Amino acid sequence: MQKSIEVGCNLSYEVRQSTVFLFQISCALTPHQVVDSESLILNPNLATEAFSAGIEANRMHRVVVEPCELNVSYRGNITLTPEIDEPGEVNEASTAHMPPEVLTYLNPSRYCESDLLGRFAFEEFGHLYRGYSRVQAVCNWVCEHLDYTPGSTNSSTTATAVLLQRAGVCRDYAHLAITLCRGLGIPARYVAGYAVNLQPPDFHGFMEAFLGDRWYLFDPTRLSLVSGLVRIGAGRDAADVAIATLNGDARLLDQQVWASDVTDPAAGGGAAPESGISTA
Amino acid sequence: MQKSIEVGCNLSYEVRQSTVFLFQISCALTPHQVVDSESLILNPNLATEAFSAGIEANRMHRVVVEPCELNVSYRGNITLTPEIDEPGEVNEASTAHMPPEVLTYLNPSRYCESDLLGRFAFEEFGHLYRGYSRVQAVCNWVCEHLDYTPGSTNSSTTATAVLLQRAGVCRDYAHLAITLCRGLGIPARYVAGYAVNLQPPDFHGFMEAFLGDRWYLFDPTRLSLVSGLVRIGAGRDAADVAIATLNGDARLLDQQVWASDVTDPAAGGGAAPESGISTA
Amino acid sequence: MQKSIEVGCNLSYEVRQSTVFLFQISCALTPHQVVDSESLILNPNLATEAFSAGIEANRMHRVVVEPCELNVSYRGNITLTPEIDEPGEVNEASTAHMPPEVLTYLNPSRYCESDLLGRFAFEEFGHLYRGYSRVQAVCNWVCEHLDYTPGSTNSSTTATAVLLQRAGVCRDYAHLAITLCRGLGIPARYVAGYAVNLQPPDFHGFMEAFLGDRWYLFDPTRLSLVSGLVRIGAGRDAADVAIATLNGDARLLDQQVWASDVTDPAAGGGAAPESGISTA
Amino acid sequence: MQKSIEVGCNLSYEVRQSTVFLFQISCALTPHQVVDSESLILNPNLATEAFSAGIEANRMHRVVVEPCELNVSYRGNITLTPEIDEPGEVNEASTAHMPPEVLTYLNPSRYCESDLLGRFAFEEFGHLYRGYSRVQAVCNWVCEHLDYTPGSTNSSTTATAVLLQRAGVCRDYAHLAITLCRGLGIPARYVAGYAVNLQPPDFHGFMEAFLGDRWYLFDPTRLSLVSGLVRIGAGRDAADVAIATLNGDARLLDQQVWASDVTDPAAGGGAAPESGISTA
């Protein structure tokens, strides 16, 4: 089940003072997500410094920009070859045997205060069978109890606030689902990326839970097909995977984002399953 | 300026059900902190799994314990050879040139909501000279505005709560200083460790700020000499460096912690400086 | 359905500096709650200033005490003659016709942030029939979703925190039920009082909701019989009805509280109903 | 020192469903604030129910409006004859002797969590002389540490949030000053009103502190002359004095507010003092 996906974005900024930009818009490189070709073009034509950083080696580009109108354009052609498992056969991992690098995703983080929601999580989901289906139940609960309401949250909104106000956007849905999973003892992390046919088009935020021996993708908003998610980077929460971090004085003027499935129908055949998908 | 330090701890637990323990009590290994010898003994004599994990490769030991009374005893002989710089010559680093792996320490974290305190930090410290002395000013402010009050905070207390209530313990002092530094654009991280002659004896929490091209140690509580700090591990905040994480059902019965400077006076000579110290 | 109830308390304090005490321990006077006799005795024998204050004219006693050991003893013999209505016939009042003095109990207050929980309340209870039974449903939800856990909260804990952590004591149960009612547009207020046979004996905190044209009593903890609740005072939340407010330096040494039903069985006959009860 | 002030407002709403409006836009009646004439006109010409409610007997108008475009117009001609005292002679009142009805204004309220800021208040202002000048110092501190930033806060923002983010509007300035006063043991309350020559024209929020034996006016924003403040109502915080409370479905289309000093210069003479002013 292989997919070819074209993604991209155009960002333009009014840069008023010398500003350091840190972009996370390039697609991640994993065994299951191959970047066949990509380009990152700045206008004016400035040299960017590319590196990978953080616990997940997220790809970043850093550039210092003097006052101007800056246009940033990224295009990528991606081949996804996800691992696909039968959800009913995927159990939760035990902290006794979990890979060490996964343990950090049990800790609370800025937007995912799992230390505050452990009792809540156990009360709602503690009685459920311990496996893929329990994470799915968490995501269903989040989707059914929140209203998708642009403008209802801001960059400081945390999972507990979202749980109380029962409204948010994709980032908030992911944060709440992550927090509840961690509260249950299931490692969970935030993923930023592109999503095929997302309406309205935008960057997307979703999540992964560690089950069995790998990370599985979930989108608690149900706004995307999980089989059409292209990863930019992962982290403990949105603080780790900001699309653009600015240090200086600049203003976003315009943003366009897209992602399309361009799989050759002859090669594919049939719809992809939408659960049990791993691309990490 | 070399120091020999003996550190150790005894922890005993009543384990009531099968419990997974994750200990972070072993001393870190860095070019400036050499572990000459160490031992970790469990009674009953259980095999532990040792590994390094997380962005800072903190050393951890994992063990699954069935119901019993568990005693854990760690001893280490450490040689510290800190890098010591003249504080007046240490400037802040620019985000344009900072090493990529440092950037994550500008992000807010669970107990350090730097996104909420940027304006506060700039108002109090924005006018100061940008260098080591500014971090020192932050630490002084924290020390002078907080009361060291055991019991005033708990494991969910964040830097903003500490700032409002003006009381806390070492962990809270460190969290607030870290948060204010990040608010100023200075990378800062939490360090857990042993502190020579700490009164009352306990594990200690302090911080590092990234200045120039390295991490410098600060203790906003002023309860320890910075030259006598022995690192266990570092992370974004205390969530990353818990001394013991338990999954199961166990209760701490007793805890003893110690750290002594056993430097041969013939070899040393004179007191160590207390600023401009790096051991990362 | 008349009841005779004996209530009382003994409080003793170590007063270390001149301290102003404000006590709210005397029973309220309402058409349905008659104080047949009462006494308030201080040892040393100090004169207290008695007055009624606040929107509900709560009874208070003020006294200035110099350093000493202070004993305060209150005893009251109360006759309750509640209004008792058939719950099924009690509807919610409309804001268009509510008595003006009731409107303030729709506002958020310190411990009842109803502005934050309106959406939550509507999602959980918005579809229910609008009447006494809806408030009962709120109280049931609170009782079923919280664990009664002494020590889990403190004097700064608010309804939203209780909702997240799912634990609290009587005061917290009342705050959460009040907050959810206000979120639904139902005026609700906090009542402090004595409760017959409360185990363990203590002062009690419960609530009233305004329905139809009067205030009805509810105890979301289910620890007391509503027919055995004796009112001290009411207010927006516990901030308005503190048993003792101290300004100075004193420490509570001991506290005893009691309340017994001493109704002459010959006069009574049969158990009181436990719903539809008004004593305001 | 008498002043004649003309105040007024026009409010228009698109009413989409039957909506209950509760307006607090009429000027308060006090010994020092006489309403010489006033009018409240609704278009369509609906009958309003006028009453006074709450602890401060704030004047309110209630009206039920069916779908339409509603225009509400209030005009008042006010004579202010403030009590004016020499600030240096006004001391703080003792809780031992304060009038009972004032005590409630020492309690924390929804937007003024004085229980959380007592230590902060004492640290910053505890050493100051206990009198009018201390409240002035609190107001000065608030003015100097906050940025007046429309849009930086919303209807759920509390004093602690304002203190951390160091930005707000008039309501937030008043909340923070009130909270700090209560933290110091000084009764303080919120006042909504009209302010002569306020720029940009709007309703205004300010505060009163109880000193000596009366309430004194303060405006921590310094945007108005205290001598030109016309009171609508007072309460524990903004939750008690909302200009308009809506229950139904309506949208504010337009709002105009004004207040002008029309004192006959022949009668007056000279500028009014701007401190030590009471109009309660």
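Of note:
Order of writing sets the chain letters: A, B, C and D. Residues in each chain are counted from 1.
Please note the rule applied: a residue touches a chain if its C-beta (ideal position, glycine included) is under 8 Å from a C-beta of that chain, and two chains touch if they have at least 3 such contacts.
Source: prediction; values computed, not measured.
Annotation for chain B: without this chain, the others remain one piece by the touch definition. Taking the definition of touch as given, a chain qualifies here only if it contacts chain A and chain B alike; none does. With centres defined as mean CA coordinates, chain D is found 31 Å away from chain C.
Per-chain CA centroids place chain B at a distance of 48 Å from chain D.
Within chain D, the positions touching two or more other chains are listed as 116.
The complete set of chain-chain contacts reads A-B, A-C, B-D, C-D.
Residue ranges of chain A in contact with chain C, taken from their complex: 116-117, 119-120, 123, 145, 147, 160, 163-167. Taken together, the chain A residues at the contact with chain B in this complex read 20, 22, 51-55, 60, 62, 64, 94-96, 100-101, 103-104, 107-110, 112-113, 115-116, 155-156, 185, 239-240, 247.
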